[in-house]
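Just below is one structure, and these are the notes that go with it.
Order of writing sets the chain letters: A, B, C, D and E. Residues in each chain are counted from 1.
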C-alpha cells in the first residue's frame, strides 16, 4: 500500500511574546499526515498541540511568531501534484486557497465556536459561497446534505436555527459540517469532544470515523484522552513541552510504549479493571515554557531519568519504520531497566481484553 | 414578542409618570418664581400666580398637569415665550433638534465605527495609538470651541457652509452643527468599538470563521462588526440623549432654534411648564430609545429573542 | 546521532525523580500587583498618562505659587497681555506681542512695551481681560477641577458600588426594585438634574460637587452589579457560602477585592466625565463662583476672547485635553492589563 | 446674503466687510441682530427690549419717538390736553390694520382695558397707573371693572383719556408699547393663538410680519404698503436674526449677513476704530443695593466707604468697554428734560465719586461706630458675562481699598437673584434699573419706605414726603418745584448711600456704513428701524 | 463498608425546581433518594444537565429545596436551619469544586483561603495556632509550608485543587461533596488528586459525594454509584453491581460509551444509543425496583422485567 503524503511538518518552532517573556510553545515538531489516515496528537495541557495545528491553519494569534520550520502541503492542482510550504503564504493567500477549502478545522468548544448572530445554514454555506461562488441554491442543497451526513435529523428546519437553539452535541456536528463544506483534504479536530458528554462524545467520534470512511479525508486529531486516541487514530504523536516525544502506530503506542511519559499517560487512566489502591500518576507539573529548557524537559518528573537528561535533550531514536521515541533510554549506552510493573500488567490485561472481544491480531 | 413590547411600554409609561413626579417635586424647590421681574409688584405677582394656578396645592397642580398632558396640553410658557403653548414650542423646535441629533448620530456612528474598527484591527500599532489619541481629543475639546472653529474656518473663511442656521437653507444648514456635535459621538463610539472589536476578534467563533477562509471585508462586516454592534447599540441610546441635552452649546453658536437651549433658558427663568415638558420629552426619548435598543438588540442577537419568547411562557 | 557530548556510563545513570522541588520555581513568586504594574508599565500610553497626571497634579499644587501672582489679582493696566516667557522671547516666541485682526487691518501690539515698567513683567501664559495672570489661574483651575473630579469619583465609587453590589447580590425582588429605581433616575436627563440641583442648592463649589456626585454613580452601579452577578455564582463565593459566611462579609471580603480594580478603572473613566460636566455648568453660567476658576470656567470665560485674544483659551484647553487624554490612556492601559476579557497580547 | 456691490464709502482694508444688502431686484433688506429671542408679540404682554423692537415695527401707538427720543404724533392726528392736565383728547388719523379694518378709538380702549385687566395677566399693567389713568389702580387690583378705566372712545376717531393727576411724561408714555392699540375683532378671532405665526399677527405700523413663530431665531418683516406713511419707509424688508454668541455675531457681520449688531466686551477692542463703530447711550443704571437690615450695612459710613472705594472709570474701561459711563448718580444722563428744557443731570450734582482716601476715612469711622474690624458680605450677581466681570472688579477694588472687608460673589440666574433680593436674603446685590418713562420719578420712587422695589429696606421720612408729594400731592401741580424736589430726593438717597451706583450702561454697535436712520432710545423701545435707509 | 450503620447523609425524595418565570420552571431534580454512609464514596454520574450539581448544592444548602427531606448526621437540614444545625452543616459538610482557579479567591493568600472556615466559625484560635493548623493541612495535601503566603495564581491547576481540598479538610468534615473535582484537570494530574482523596479517606474516614461524568474515574473511586438522568435517579447500586450488571438502557449506553484505552478493541466498538424521547419510557411512571443487594433501578414493573431478561454485560461490550 503506497501512502500519499498530504502534510509534512518539519522542525516547526513557534514562540509567543508574553508578559513573562518569550514563550517557546513549540520547539521543533516533525509530523506527517498521509491521505485517508488519522493522526492523533496527545499530550498534557499546554504541550503545544493547539498551537501546532493553528500554525497549519495560519490562525496563530498576533503575538505568535514562527521561529523556524516548514509545513509542506501536497495537493493536486489541475491534476498536477503540487507542494506548497504553507508558512510561505501570506495571510490573504492562506484564506483564499487553503483555509476551509483544503484544510478545515473543528474547535474544542462547540458552545463558543459558532457565530451567535448567524443562522447555522448560512454559516455552513458561507465557505462555499466564498471559495467557489457556488450558486445559493446549490449551496443550500449541499448544506442540507451535509447536515444529513453529520446525522442531524430534519436538516431543512435546522438550517434556519441559530446556534443557541442547539445542544452542544448538535453544535459540534454543525461545526463539523462547516468544516466539510468545501470538501477539504485535511480535517483538523482540536479536542472536539472534550466539552461534551461521554455518550455524545462516542457519537461524534463514530461520526468522524464514518465520514473518513466515506470521504477518504485525512484527519489530525488532538486530544489528551488515550481512550479517544484508541478509537480514532491510526498514528499517534505524543507531545510534551512543545516537542513530539514518541510517535508510532496506535498499537505501537498502546502495546509497546517506549517513552516514560507515554507510560505515565497510559497508567494514569484507570481502565475497566484497575483495582490498585493507588493510580499511577506522573509527579509534578509540566515545565514553564517561558524558561529556557536545558536537557530533557521531562526529566524532573521522570522516575527513569538519567544523568544525561539533565544536560542534553534526547534525539529521536527510530525503533521501527513507524515507531520512534525521544528518550535516552533507547540509547545504546542506556542501562538496563524494567517497565513499571503496573504497565506490564496493563498490557497483559489489554491482550486479555482483546481475547474477550474475540479479536485476534 | 408583542406581549413583551406591550409590557415594556407599560413599564415605560410608569417610569415616565414617576419621572414627572420627581421633576415636579424638584421644581417646587426651585428658588425664585417665573414672575419676578424688577418691575412687578408683589400684588401683581400674586395676580399672575393666581392666573396660572401656581397658588394651588402641589397635588392639585400635579394632577391637573397630568390630566392636561394626556390631551397633549403641556400648559403655556410663563416667561421665555409668554403665553405660548409649550406644545407649540415643541412642535416648532423638536423636529429641528431631532434632525440635528439624527444627522450627528449617523455621521458620528459611521466615523466612530470606522475609526474604532481600524484601531482594533491595527491593535497596538501607531494607527491604534493615533486613533485613541484622536478620539480622546475629540471628547476633550469642548464642543463650543470646536463649533466656533468650524464656523470660522469652514463658514467664515472658506464660505462653504452657512454660519447660522436658517430654515430655508435645508440640509446645508445642518452640516457645521452636526459636525461639531458628532465629535463626541465619533470619539465615544470609536473607543467602544475598538474594545468590543478586539474582544470579538479574539473570540473562538472568529477563529472558526477565519479557518473557513473568510477574510477581509466580509469577515469584518458580516461577523466581527455584527457581533460587536450588539454591545455598541447599548451605548447608543444614552449617547443620543446626552447628545440632545448637550446640544445647547452648538445650538447657541449656530443660532439653531432647538430644544437644548430652551431647556437651560427655561430653568434659568423658572419657566416651569417648559422645563417639565422638555424634561419629559428627554425622558420619553430616553425611555423610548432604550425600548428601541432592546428590540434592536433582539434583532441583532438571536439569543435574546429566545429568552424573550420564553419569557412569555 | 552522537555528538561531542561525552556519553559515558556516568551520563547514563538513573537519577530518579527530582521533580517536586523544581515545580516551585516554575510558578512565579511575583505578587499579582507587581505583575500588573509590569504590564501597565509596558503600555506606553498608560505610562504617559500616569506621568502626565503626576505632572499636572504637581503643577496644580505648585503652579499657583510659581508665578508670583495671585490667581484673583487684577493688575490694572495688565489686561489682555499676550504670553511672554523669558529666554523664549529672545528667539521671537512668546515675546508678548500679538496680532490683532481689527476691522481696519492687522495690528501687531506688544503691551509689555507700552506698559510703564513693562520690560520686567512676565506673564508666562498671558493675562485675561481683567488683568489676571493666566498661568496662575490655569493651575488654580486645574486644582479645582481635580478636586471636583476626585470628590465625584469617591462619591461615585461609594454610592455606585454599594448600590450595584447590593442589588446584584440579593437579586430577585430587591434587584428588580433597585433596578427600576435606577431606570427612573437614569431616565431624567442628568444635565437637567444637575442644573436644577445646583440652582436649588445655591450655586457654589459644594453644590456642583454634590450634583455631579449624585448623578454620576449610575454607570458605576451597573458595573458593580454586573460584576457581582457574575462573581456571586463563582465557585469561590459558593465555597464561602458553603462554609457559612454571611452576606456582607461575602460582598466586602470576597467579591469587592476582586472587582475593585475594575471599578477603579471605571471611576477613572468617570473623572473626565465629572470634569466635563463641570465645564458644561460653567458654560451655562452656574459653574464655580468667580473669581475662583476651574478648567471648565476658564475655558468658557476665555472662549469669549477666542477670536480676539486666541492665546487666552489655549492653556486651559490644553491642560484639560491633556488631563482627559492622560486619564483615558491610563484607564485604558489599566483595563488592558487587568481585564481578563481582553486577552493578553 | 452677500451683496455683490458694496457702497464703498467705508474704504476699509478688510474685504470681508460687506455692506447691507441691496438685492439684485432692488429689495432693500435690513438685517438686525438680536441677542435673545422675542418673548412675545403681544403689545400688552411683551416686556423685553427685543419684543418691543419687533412689536413697535409692526404696531404704532398714539405717539412714536423721533430720532432724539421726543414723542411725536403717530396714530393720533392731534392731541389736546385740558387746562388742568387731567384730560387728553386724541383725534386719530386715517389708518388701517392689515386685515383691512380701520384703526379706531375702540382699538385703543380695548387694548388699554386689556392691559389693566388682571385676567390678562400683563406684567406691565401697573404702567396704566404710572400714566395716571383714572381708576387704573382699582382695575388692576380687580376691585373695579375694566370698563371703569378712564379711557373712552368718543367716536370712531376720537379717544378721551381721563387722568387722576397731571402726568408730565404722559405723552412720552403713549409711545410705549403697552399703550399700543389692538384690533379687537382680530384678537378675538385668533384668541389664544395670537402671535403664534405670521397669520395670527396683525399690523398697523410700518412693517408686517412675513415669517414668525414663537421663539424662532429669525423673524422676517416686510414693508407694510398700507401704512399711512409708507412712502417714508425706505427699506423693503426687516429681518431679525438671533445670534447669542458675540464672536459669531461679529463673524456674521463681517460676512455681510447682518447689518446692525451689538458688540460685546472683547470685540470692542478690535472694532473701536472702525468707521462703522458707534457708541450708544442706554438708560440702564447699574448699582449695588445694600441691604440696610444687615449688620454693618446699616451704617451709612460703611456704605459710603464702599461706594467711594469703587473705581468706576476702570470698571467701564476694563470690564465693559462698550461705552458705559461711570455713574456718580442714580438718575441717568439724557433721561428727561426739566421744565427749563435742560437734562436733569446737567443741572444737578454728582455723588459718591471714587475717592479711595475718603473711603478709608469713612471706613475708619464706620469701624469705630460699629466696633468691628472685619466685614464679610456676599454679593448677589446674575450670571451674565458683564455682571460677572464687573462684580469681580468690584470685589477686587473694595477689598483692596478697604482692608478688612471681604466680598464673596454669589452667581445665580437673574430670577433667583431677584427672588433672594425681594425676600431680603442678601447683603449686597448688583442690580440695575431701566426707565419706563422719561422722568426721574421712574428711578426715584424706588426707595420709598416699603416700596416694592426697595429691597434694601432703606427708609427716610423726608424723602418719602418729597416723592409722594411729587407723585400726586401738592408738588405734582408745580412743575418747577417738583423738579427741584426730585433733585433733592436724589441727593438724599445718595448722601446716605442707600444705593451704590456703578455705571450707566452704554452699547457698542456696528452699523453698516450704507445704513442710516436706525434710532436708538434709552427709554421704551431700544431701537426703531422705521426710519432706516440703505444706500 | 458499613451499610449496617446509620447513614451519614440521607436524601429522601429530593425535589429541586427552578422558577424560570411565572409560567415555567425547570425540574432540575425530581424526587431523588439515596444514602451515604460514613467513610464511603458515593458516585453520581449522568449527562450534562441531569441535575448532578444541583443535588450537590441542594444537599449543602446552597439552594432552598423545593421538596423532600435531607438528614445529615441525624439532623434535618432540609428546612430552616437553627444555629447548632447550621454549625454542624457548615463545618462537617464541605465542598470542593470543579474549577481549581475559580474556586479560590484570587485576592487572598493561601493562609487566608485555607483558614477561611476556621475564621468564620471562630475556631482559629491564636494566630500561631491558626498558622500551625494551616501548615499542617498544607503538608497533608502535599504542598510545602512555604506556600502559605502565596496567591492562587502562583499555583498550577493540580496544586490549586489541593488547596481546595485543604480548605475543606481543615474543618475535619465527615462528608465532602466533590462536584467534578477532577474534570478540569489533565489525566496525569487527575490521578494525583484522586490518589490524594483516597488517602485522606483512609486516614479520616471521610465520606465523599463524588460527582463526575467521567465514568472510568467514578468507577475507580466509588463504592456505590447513582446514575442520574433528567433529574431522576434511574439506577443505583454498588460499583460492581452497576458495572457488571447494568439494567437500565441509559446506564448501558453510558457504560458502553466509555472509551477504552485499548486500541485494538476500541476501533471496533460501537456505543449503544439511548434517546429518552424515542425510548418510550416515562420516568414519572416508574418506581424503584430492587435488582439484588443494594441495586435498584427506576422503571415500571413491566419494563424492569423486560430489561432483566437481557444479557447486560454483552450489550455493554458494544461489539458490532
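Operating definition for what follows: contacts are C-beta pairs under 8 Å (C-beta built on N, C-alpha and C of every residue); 3 or more make two chains touch, one makes a residue touch a chain.
By chain, with names taken from UniProt: A = Oligopeptide transport ATP-binding protein OppD; B = Dipeptide transport system permease protein DppB; C = Oligopeptide transport system permease protein OppC; E = Oligopeptide transport ATP-binding protein OppF.
Bear in mind the structure is a predicted one, so any value in this text is a computation, not a measurement.
Asks: Which chains contact both chain B and chain E?
Replies: The shared contacts of chain B and chain E, listed by label, come to A, C.
Asks: Stepping chain to touching chain, what's the minimum from chain B to chain D?
Replies: The fewest touching-chain steps linking chain B to chain D number 1.
Asks: Taking each chain's centre as the mean of its C-alpha atoms, give the chain farthest from chain A.
Replies: That would be chain D.
Asks: For the pairs C-D and A-E, output the one whose chains share more C-beta pairs in contact.
Replies: A-E
Asks: Averaging only over C-alpha atoms, locate the centres of chain A and chain E and give their separation in whole Å.
Replies: A distance of 31 Å separates the two centres.
Asks: Can you give the whole-Å distance between the Cα centres of chain A and chain C?
Replies: Distance between chain centres: 49 Å.
Asks: Roughly how far is chain B from chain C, going centre to centre by Cα mean, in whole Å?
Replies: Once rounded, the distance between the two centres reads 25 Å.
Asks: Provide the list of chain E residues touching at least two other chains, using ranges where the numbers run on.
Replies: Expected reply: 156, 159.
Asks: Where in chain D do residues touch two or more other chains at once?
Replies: 247, 251, 254, 383, 413, 416
Asks: Residues of chain C that contact two or more other chains, please.
Replies: Only 23, 26-28, 199, 202, 285, 306-307, 343, 345 qualify.
Asks: Report the residues of chain C in contact with chain A in the complex, numbered from low to high.
Replies: 1, 5, 7-20, 22-23, 26-28, 35, 38-39, 42, 343-345
Asks: Going by the contact rule set out above, which residues of chain C touch chain E in the complex?
Replies: 23-24, 26-32, 234-236, 238-245, 249, 254, 257-258
Asks: Which stretch or stretches of chain D touch chain C in the complex?
Replies: Touching chain C from chain D are residues 12-14, 17, 246-247, 250-251, 254, 264-267, 269-271, 273-274, 276, 314, 318-319, 383-385, 388-389, 391-393, 395-396, 408-413, 416.
Asks: Residues of chain A touching chain B in their complex?
Replies: 57, 59, 61-62, 91-92, 95-96, 98-101, 104-105, 107, 109, 112-119, 126-127, 130-131, 162, 164-165, 175, 178, 181-182
Asks: Considering only the defined contacts, which chain C positions touch chain D in the complex?
Replies: Contact set of chain C toward chain D: 72-74, 76, 79-80, 100-105, 129-131, 199, 202-204, 285-286, 289-291, 304-309.
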